[in-house]
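One chain, chain A, appears in both complexes that follow, with chain B as partner in the first and chain C in the second.
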Partner chain A sequence: MAESVNVPQSKAADGSDALDQPDFENRRDKIAIVDRGRLSPSLIALVSMLGAAVAVMPVGRAGFDGVIGLWFLSVLLLVGVNVAVPLDTRNGQMVRWISTATFVAFMMLFPIGKSGATMTDFGLFAIFGAVVVGMNLTQGFAGQVSLAPAAFLGIGSYTSVLLDMGEEVTVAGVTVDLPDLPFLATIPIAIVVCMLLSVLIGFPALRVRGPWLAFVTLAFSLLVFLVLNNEDGLTRGSRGIRVLRNDFEIFGIDMLPTHNFYYAGLFYLFFSLTVVWWIVRSPWGRALKAIRDNSGRASSLGVDVRNYTLLGFAVGSGLAGGAGALYARQVEYIEPRSYFVNQTIDFFLATVAGGLGTLAGPLIGGSLITLVADYLRFTGDWYRVWFGLFVMVMMVVAPEGLAGSFNRFRAWVQKRVDS
Partner chain B sequence: MTKTVDNEPVVRVRNISKRFGGNQAVDDVSFDVTKGEILGVIGPNGCGKSTLFNCLLGQYRPDNGSIELDGIDVSDWSPPRRAKHGLARTFQLLQIFETMSVRDNLKTAAQEHIGSAARRLFMRPDMGLDGEVDDLIERFRMAHLADELAGNLSYGQQKLLDTAMALVSKPAVAFLDEPAGGVNLTMLADVEQQIRDLNVHDGATMVIVEHNMEFIFALAHRIVVMAEGRVLMEGTPDEVRNDPRVVEVYLGGH
Partner chain C sequence: MEQFLQVTISGLATGAIFAISAVGFALLWQTAGAVNFAHGEFIMVPAVLILALGTQEPTVGIPDFIPLIGGANIGVALPSAGLPWGLLIGFALTIPIAIFLLGYLFKVSLVDRLLQPGGDDIPLVIATIGLGLFLREYVHEAWFATPQPFPSVFGNGFWRPGGVAISADDIGIIVACTIVIGALQFFIKRTYLGRQMEAAAQNAETARVLGIPVNRMVLLTFAINAVLVTIAGLLVSPAINARWDAGINLGLLAFTAAIIGGFNQVRGALYGGFLVGVIQNWSGAYLSTLYRDAGPLLLLILVILVRPQGLFGRAEERRI
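So, the complex of A and B:
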C-alpha cells in the first residue's frame, strides 16, 4: 500500500503490455457530454423554466398569474433559441449571456407578490442549491464522491450559531466563553473551518486512488452526528438550539424577514456558482478534466492529482459549510438530526439527477429536492422513495442527468439543423 | 545528419532493479543521458524497457537504484514532481485525453510548468500558451485538427500528439516509449522527421525505446541494448549493429 502513490495497480499479472498503461480502472466513462464543464446558460434557462413550472402548478401555493404565464412563454422561447443556436458562434455567446441575465432577473424578481411559505421554499432552494453546487464540484469535476456535505452543512450551522450567541460552552470539562460575532462574520469562518476539516480528512484518504474518500466521509458524517448529539455542553445535544435571528442588516435593511432572507440565500447561491465557474474555466478546470479523462497520463505530465482533487473536495465542503450558516437562520432551529446521512443522500441524488460535471445541473437537482419535494409532501416520507426511483430510472436511461440530457438533446437538434 | 552532443550528463541512472514476483524485470541498469542527445534503448520484447521507464519516471518504485537529474537525486519524488522538474514521458500504449481538444491536450501538458498552483487559479484560461501550442501544432502539421477532440484523430495522429505532449514543456529529458509503435509507413517518416527536428533545432534531449530498428538507428546518437533486464552493451549505432552479442540476442533467443 505504501508504494502505490500514483502507481498504476498491476492488474494484469500475466505480463501483457497493458501493464504499461497507467490506471485503466480510473478512466472516466466517455459519455458524450457536450461542453462538459462550461457555463451553459441554456441549462440555467431550463432551470428557470422548471422553477416557473413549479410556481404555476395548480396544486402549489403560489397560484397562477399573468406575469408568470408570460414568463413561462418567454422561457420556452429562450430554451428554443438555446437549442437551435450553436454555442460557439457569436450569436450563441449572446444567447448564453441573455439566458444568464434572464435567469438572474427571474430569481431576483420572483419574490414579488409571493407568500411567505413559497419564499421559505425558495430560500431553502437557494441554500441547498449552493450545497449541491459544491458537491458537484467534488463529484462532477474533481471526480471524487464525498458523503459528508450534510455533515459540513451541520458543522457550518453549529459553528456559525455558536459564535453568534455569546454563550458559555463546556467541552471535555473545559469551559470557554464564546464570542458574539455578527452573523455575516460567521459565514467565512464556517467556510474556512469546513475547508480545513476536509483537507484534514481528505489528505490521507486521497493518498491512494479508489473510493476511499467516500468511506472516510461516510465515517466522518457518523462521527459528526455523534459529536453533535452527545457533546451536550457544546451543542445542547438532541434538544437542539433555537437560533436567534437578531443581527443581520445590510444598508439598514433588516435581512431576516423571509422575503429578504431569500436574497441572502440567492446571493450565496450566485457566489457558489461563480466560484465553481471560475475554477472550472481556469487552468485548474483543465487539470481537473484531464484527471477525469486519464489520471495516470495527467500525473505523468505534472498534474498533481492528489492536490487538485483535494482542493475540489475542500472547496465543495467549504461551500456546504457557508450554506449551513444561512440554513440555520432559514429554519431558525438546528438539531443534529437535520444533518444526518439521509440529508446527504438527498444532496447526492440531486447532484446525480441534475447532471454531474455541469454548472446548471446542481440547480436543477437542488430544485428537485426542495421545490418539487415540497409538492410531493402529501406523499409523506414516501417522496424519497419516488425520488430515488426516479433517479434510478434516470441513471439507466440518461446517466448524464437532466442537464447532460439537455446538452445531448441540443447537440442532436443542431446536428439535424446542420445537415 | 548533424549529431552535435556536448558531454554534460543531465540524467544519471544508477543500478536500477525491479522484480515482479520471481521475475527480475530490470536488473541493475545504469547509464547516463547526455545533454542534447538522442539515446536509443532497444532489446527484445519483455526485456524490461517499459518497466525501466516506469521506474525512472516514478510510476513504479524500483527495488534498488537511483535516478539523478542535474545532480539531484529524484528517486523519491512523485511522478508529477519529476515531470515539473523536467522529466517528461510517453507510455508504450497511447495515452492522451480523448475527451479534450488537441489544443487542450497540449495546454494540459504545458500548464503545470508555469507559475504556482495558486497563480494558475487566477491566470487566464489559455495562460499565454496559445502561441507556443499553436506553433507546435503547426510543426506537427495538425493545424486543421487543433480544435478536434483528440479521441477523433487517427491512430498515427494520436501517437504524434502523445509525443508532442511530452515535448511541449521543453523538458530536460523526454522519455519516449515506442513513439513509432503501430504507426503506418507514411506517418513513420513524419514522426522521425519531427523527432529529429526537435532534437536538432530545439536541442531536445530524448531517451527513446523503439522496436523499429531502422527508425532508431537513424535517429539515435547512442544506443543501450537490453536483454533480460540487463544492459547488454552500449555504443554508437554502428558499434551496436556490428556487435555479435546483439545479433545473437535478436536472432538467437527470441
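So, the complex of A and C:
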C-alpha cells in the first residue's frame, strides 16, 4: 500500500531536478492521487531568513572574514532543507524558488565592499560559468561531446575585439578596413558567427552517431589555434592584442571598474541559464532528452535527431562565443594561447564534474575552474593533477557529477524518510 | 624533385610512427570498444620513462610517486646525450612498466568499470580525457617542465645518394616500424593466439561460445597497445624532444590517422598513419610551415563528411 504511493514520488525525486519535469501523463496522475500539500508558513519563514542571511552576510566585508563559519552553517542548513523537503510538494517548490532567489541575490550583492582582485575572479566565474552552461546543453542535453568551447571562446573574443577596434587588417594579402562597432553590438555578432561555424562543422560530424563530433571539434580547435597564431595581419599572432575597457559604457554605466564589469558577466550568465532553461522546458528540450536517452528510438518516433542535436551544439557554441566577447574585456589582453586545447579540457572537465543535464551543475563546475582553482593556486599547478584524478575517480564512482550526486543523495534521504 | 623525395621520405618516417600508434588505437577500439583520448599521453609517458631509466647517472630517476601533495618538484637533471645502449636498456625496462601501467592498470581500473557491453562510450571518453590531463600535468609538475633532448637510437648520420638528403633516423624508423608492423600482422594472421585475438575482436559472443578466453584476449590487446606506444615514444621523441605536452598533438594525429584510414581495420589505421605523415610533411613543405598540421586535420573533416567509415574501412551496421 505504502509502496504504491511511494513509487511515483521517489521516481520524480530520483529524476531529480527542476528540468526533469514529469511527463504529461504522470503529472495528471499526480494531481489526481498525490496531495501536493499546503504551504507551511513557518518553514517558508525559516528558509527565507536563511536565504537572506546567506545573501547579506558577506556584504560590505573584504571577504567572508569573521562570518565564514556562520555563513557556511547557513548554506549547509539551506542545502539541508532542500534535501529534506520533497520537491513535488508545494513546500518543495517554494523552497527551491527561495534557494534560487538566494543565489541570485548573493551574486548581486556580493561585490559590495570587495576588492578588485576578488571581483576579477568572480567576473571570470560568471563568464566561464556561461561557457560551461553552453557546454552542458551540448553534452548533458544533446548528448554530444564538443571539444571546441575554447576555440569558440577565442572566435568570439577576436570577432568582438576586431570589430570594436576600427583598424585595418590584412588577411591573405587583402587589406580590409574594419568598422568600429559599439561593444554591445559585437556580442550578438560573436554569438551568430560561432553558431554558424558550429553548424558548418557539426553538420558533417553528426551524420553518424558516435564520438565523431569530439574528434572533429578537437581538430577544429587546433585549426583555430593555428589560424589565430599564424595570421599575423589579422590577429597579431602570438603577440596578442591589448584590449582596453575604458572606452565604453553600457546603458550609461561606465564599464571600467571591475565591479561594474562583473555585473555584465553576471547578466550574461543569467541570460545563458535562462536560454538553456527555456530550451529544456520546450518541446525541443523534450526531443533532445529523448535523443540522449535512446537516439534510435527517438528517430523511429519521428524526431529529427541530426537537426535537433545540431541546434543544441550550435546554441552551446554560440553561448561560448558571446562569453568570449566578455572574456576579452575581462582579462583586457587576448592571445591565442588562452584558447588552446588546455582551456577546452578545463571547460570539459568542469562540465562533467559539475553534473551533466542539470542547471546547477555548470555553476558548480564553473566555480571549480575559476574560484576553487584560484583558491588552490598555492599548490602550484598540482591542483590540475588532482582535478584529472578527481574526474577519473568520479566517472567510476558517481558518473552523474556533483549536482547529480546531490540529487541522488536527496532521493536516498527521502526514501529513508518515507519508509 | 630532390626536395619532393626528401620531404616524402621524412613524411613516411613520421607516418610510420603514426601508423604504429594508430594501430594501437584501432586495436583497442576493435577488441574492447574503447576510445582512448589519452592516447597521446600514452606515447609521451613511455618516452619520459625511457629517458629516466636509460641514463647511467644514479640520481636520475623516478620522481616521488607518493607525495602528490603540494609542489614537491624534483629537479631531475637529464643528460643531454646518452649512449644508445643506455637508451635501449631504458626501453627494455620501460616495456614491462608500460604493459602494467598503460595496459593492465588502465584496463582494470577504467575500461572494465566504465564500458558496459552495449552501453554508452561517453563515460570512458570523459575518463580518458581526465586521465590525459592527469598524466600531462603529473609529468609537468613532478618531472620537468622544459623539453628535454632525446637521443636517437639510430644516430645522427646523413646520406646523400643523388643529392637527396636522407637521415639515418628516418631510414631506421621506417625499417623498425615495418618490422614491428610485419611482426604484428604475422602474429594476428598466422599464430593461434593471434587468430583467437582477432576472433574475440570480431565477435566476442561467438568467440566465447567457441571457448576462446575473450577477456584474456582483450587484456592481450591492451598489452600489445602498451608495447606499440612504447616503441612509438622511443622513435618519435628524437624529433620532438621529450616534453610533457607532446601528447595533445601526437594523440590527435594518431586518431586522425585511425579515422582517415578506417577505425575498424588494422590495415586502415596503418595506411592512414602513412597518409597522415606524408600529407603533414607535404603541407609543411609546400603550403606553409606554420600550417603543418592543418593538412591532416582538414582531411579528417573531409573524410568524416564523405566517408565516415574511413578510406579503407568497412561500413558497420548499428543495432538499436
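Keep this in mind: the second predicted complex is superposed on the first by the 344 of 419 C-alpha atoms of A that agree within 3 Å, B and C clash if a C-alpha of one lies under 4 Å from a C-alpha of the other, contacts with A are read in each partner's own complex, and residues count from 1 in each chain.
By our rule, a contact is a pair of C-beta atoms (placed from the backbone, for glycine too) under 8 Å apart; a residue touches a chain by one contact, two chains touch by 3 or more.
Nothing here was measured: the structure is a model prediction, and the numbers come from that model.
Judged by the touch definition given at the top, the superposed model places A:Arg245 against neither chain B nor chain C. In the superposed pair of complexes, A:Arg408 makes contact with neither chain B nor chain C. Contacts of A:Val385 after superposition on the shared chain: chain C is touched, whereas chain B is not.
When the shared chain is aligned, chain C comes close enough to touch A:Leu349, but chain B does not.
Contacts of A:Gly302 after superposition on the shared chain: chain B is touched, whereas chain C is not.
When both complexes are overlaid on chain A, the residue A:Phe215 reaches chain C alone and has no touch with chain B. On chain A, the patch touched by chain B and the patch touched by chain C overlap at residues 294, 296-297, 300.
Within the complex formed with chain C, the residues of chain A that make contact are 143, 145, 201, 204-205, 207-212, 214-216, 218-220, 222-223, 226, 229-230, 294, 296-297, 300, 341, 345, 348-349, 352, 379-382, 384-392, 395-396, 399. Residues of chain A that touch chain B in their complex: 3, 5-8, 10, 13, 15, 17-22, 28, 30, 36, 278-279, 281-287, 289-290, 293-294, 296-305, 307.
On chain C, the positions that touch chain A within their shared complex are 35, 37, 68-71, 73, 109-110, 113-114, 121-127, 129-138, 140-141, 248-249, 252, 255-256, 259, 288, 290-291, 293-294, 297-298, 300-301, 304-305, 308, 318, 320. Residue ranges on chain B touching chain A, taken from their complex, read 20-21, 23, 46, 50, 54, 57-61, 78-81, 83-84, 88-89, 91-93, 95-100, 104, 107-109, 111-113, 117, 120-123, 125, 127, 151, 165, 169, 177.
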